[in-house]
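Chain nomenclature is as follows: A, B, C and D, assigned in order of appearance, with residue numbering initiated at 1 for each chain independently.
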């Protein structure tokens, strides 16, 4: 496993980490969750991501149980792990009221307190705003995040799916009042979804040392390779009744992605890996990616995922170019930089 | 004429203003420039926009001459006018060297000094960065703009075609050091180009009181209505040999815009105006638009343009909806706000 | 005993203090530790230094036990003592994981919480970063130190073995956000190791009022005088099996130091003291030294050490010069100051 | 020629620049100086460095004359060039008084005013403190530098031969008061003198984006290759009567450097260049070097120097290793980072 700091911080995180979105509860019980976390930890993973909303709070409860079993069995201590959660969509039993969700000071404090209780923890390592909340002034959110840090509920805070403008505004507010800036973002990033991580956030890496904990490295599962053609494999996430809507949207929006995934398979084969491993390695190879959040419901799947780290050194510029040529998703070179370099005489017109 | 403050400032500017891009020098001499400025001023216009690069510096020289003639003839004093310029592309005699362009401290100071000399002015009212310059740290630009303000070369500063993230970063830097923030942006805005002004800048109006001095209300001339079908009228800007490239690009990229312009004509007719007047009025009706920069090479054209102000009160929600339906360019309601309203229980899923 | 403030603070500390590095646990049990602390306290010592890593956490546990016995027996109260610890190398049971050591916010908080638990204390007086951690941004460390102070875990914070640049950077970060600067440094300092304390830190005394709690006044035991020639006395620290490597390194690197120690003995004799007392007094005589941390495993040794204070007034300029001439370690007068004084005409070329 | 920004600024400077230390006046008159500057400019050089003390002020007068001749002849404009000077040692006619030298506010203002007068300029681009001045509080110097920038005498300021601590202190003072930090340092740097640029300044690149304009790329001429053995070639700088002292110091201190220069010659030969070109290219290859200040008294020498840029791409890791092995001057990897990586479990013990 490779380790790097989470953005401009002293927190060393493994390049691959383990998340628990829908897989916990419905498909994964405490027993299995503990086996998965333990195996991930043995393979060098030290970051485990969660959210108040995953499985309506059950994901946190299960992860908390599994964590404490590992402490009792001497597998790890709290110090050895980076545990994270995300606040916005409401936790277990959150009702459809106007105050029990979002990034208001009220919900950040009440929501994180509930998350910690579910996980039986004194503190998480990083707490994220799971989404931007334009109904809450960013200053309020920045102050609330600093408040929960000051109370010892978290060591660092981040955002998820915020625009570069919103993150910059959060930094402005933090700087003006001497508060702690957001440390990291949790954006979607994969071979088919690149613009935000590669272009939009570029000034944030440079100016603030923003870290990223990326989700959906397999593009909602498409890059797992299992959707080849149009068959939904039994037992895959998209076969579940509750994801019927997602399935339809995915299949109308992303048919071309399935085609391209099929075209990527020969490249994976040449590198001696699956297309899923190629897709995870591709994310991990980006130096602005602090950690790639992977999921698994079986030990073997987890082990397969983590072998992606062996592929990273094989992603030469030539291989990367082949992937770009197939995926056709490489974002344009920043046009502002293009103009500036031409006007300033560095590049020719 | 209607007047409003330029963003969150005390500077009152007319809703319609007069710019001088390519029209000066080649098509407009000092004599004509003076007539146009004088007529505009009589019609209530108080803002005259320029840039170091317009006609390679000649536009500033001509405007300076015209301004001083007006002073001598008692038409106006310096106090009555808002004169602006923009720095980035280099002024008269700028060589293709690495230091004579851009938004570095060096070029902002040297460039504005040269502009003032050409215009024979002690100060402009607003100086703009004509483009973002990713080669220069935004802090350096903010400090340089404050420096030229401190030296009395300008009263306010703004940006042109900067992203919301860049403007927010400029505000962050300014706030941290107690410096003056950018006051306004000069973006392209018209019926066919709406996203930036209507969606991207929205947080900036709310948080910083950003003003806008918009350019290209006629979409590079398309909305003038004179390009109906594919004939380029003799004497129009696109008929000039030097705009051959622009013409080609325009006609391949913007044919559909011409079609839609034709479809807008009946609406204009109903309101008793030309489609150009409708297009200008449509811009002026946006409360976040501080001033619409118009151009003209003939007195009658200028007078026609300025009559657009009479159309603004006629732009009822119904008329606006008709325009939207034809142009098909209304940007989506901010999806972040949509999600927040749904999650927070204000709107239904 | 002589008392002075710990740097630019109101905390009065004794010029000699008592540390507990390797001597606790293996060589010193709670009984003996208590006797030593009590005797030191009777002799005027009020500062007792520790670290999470000393004896892998056992040093803190033993010191905590001894402290509480003294409270029960009415020897001292918490208010009478200055208790310090240092965070970086990990405490008892710290695994070789990436997050359980260093100066990250996570480890400073979790590490200090564990230290306090081991010592059965609500707070220490000073918490130190035991080493610089270039993997952690200094801003994060400054904020973490302020956080543990805000939570009441410590009253002051300091550094150990940080460079002048790193301390200055910590002050910059603190100043920018209105946070508490590091108050003191714990550097190695003795007759054979002078440059950092005497030259490198000089601007820090002047600008920040930096205090120093110096360690190794006897140069890893060399200046105790007991290593004369090449015999390692039985029972001395270097005779322990676990310090075999240290012994070899020491004896190849520091043979000349032993020779010079032998040459210092006549000076000590003239002053009526041992060379160890001379060495401790020499440190204490430096006005930038807030306290000299001494160690002892026997009551008599401790009493001998503390008599060094009687020697301090005897260290006249003449005696100091003799020591310099023998040790040959006096650092050059700051060459920058030399040049400035010559260029500015104060000294002749 | 290659261009890069001068540290974290928007000022684009050529990787090779032209300085004028002792060569102006005694060996170079206005005629020759103009020819040299013009040729350098034709070859892509845009930065010309000077100092109040070079040739006791004559260097500035000559450079000013040459610059203005270039303007008259249409070779360049002020905007195209980056002109720098350095204040500390006093300028033409500076007497041995206590106030006419150093980094006090008085001398920085009076000294720079005199420099500008000698050069017949409104402003330089960068003004440097030629040395640290421990007799002046750094805050005074930072404020004085901001003052001359505010008055329009310079666009940026830097230091020369300041320690990392001093530069950090300058940044602290600047940050606390919202002033402009030093942008760049002018350190000695060459194959034989590496520690400061490669190790000491490392945190400054990372934290402040410090740029460097390096002097003595040829190690006081040793790396020119002309001192092979012990003969001082007639006409070389060391043959001048006034450098007698320098010659003696050099020859006792640097005989081994001459030997190693001889050993570097075969490497140069393999790359198809002189050892001087190799030495200049070696400096330019360091990404933290903004510009290498070269000197020349003949057109051919200047042209030879500038060909060094063709060698830069040939400096592969293998070639660099060969140079390190011969010069034996590669500084140790930062020992603090070494310890942190071992303690944090990234590297093995």
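The rule we apply is simple: contacts are C-beta pairs under 8 Å (C-beta built on N, C-alpha and C of every residue); 3 or more make two chains touch, one makes a residue touch a chain.
Chain labels with UniProt names: A, B, C, D = Potassium channel beta subunit.
Please read all numbers here as calculations on a predicted model, not as lab measurements.
Using the contact threshold fixed earlier, the set of chains in contact with both chain C and chain D is A. For chain B, the chain with the farthest CA centroid is C. Here the spacing of chain A and chain C, counted between their Cα centres, is 44 Å. The distance from the centre of chain B to the centre of chain C, with each centre set as the mean of the Cα atoms, comes to 66 Å.
With touch defined as above, residues shared between interfaces to two or more other chains in chain C number as follows: 97-98, 102, 133, 135, 176.
Taken as a contact graph, with one node per protein chain and an edge wherever two chains touch, the assembly fits none of the named shapes, being neither a line, a ring, a star nor a complete graph.
Here the touching chains pair up as A-B, A-C, A-D, B-D, C-D. Per the touch definition, chain A reaches chain B in the complex via residues 88-90, 96-98, 101-102, 131-135, 163-166, 168-169, 171-172, 175-176, 200, 203, 207, 334, 336-337, 339-341, 343-346. Note for the complex: chain A touches chain D at residues 3, 12, 344-346.
For chain A in complex with chain C, the residues that touch the partner chain are 3, 5, 8-13, 46, 76-82, 125, 149-150, 152, 155-156, 178, 180, 209. Residues of chain C touching chain A in their complex: 93-95, 97-100, 102-107, 109-111, 133, 135-137, 140-141, 143, 147, 150-151, 176-179.
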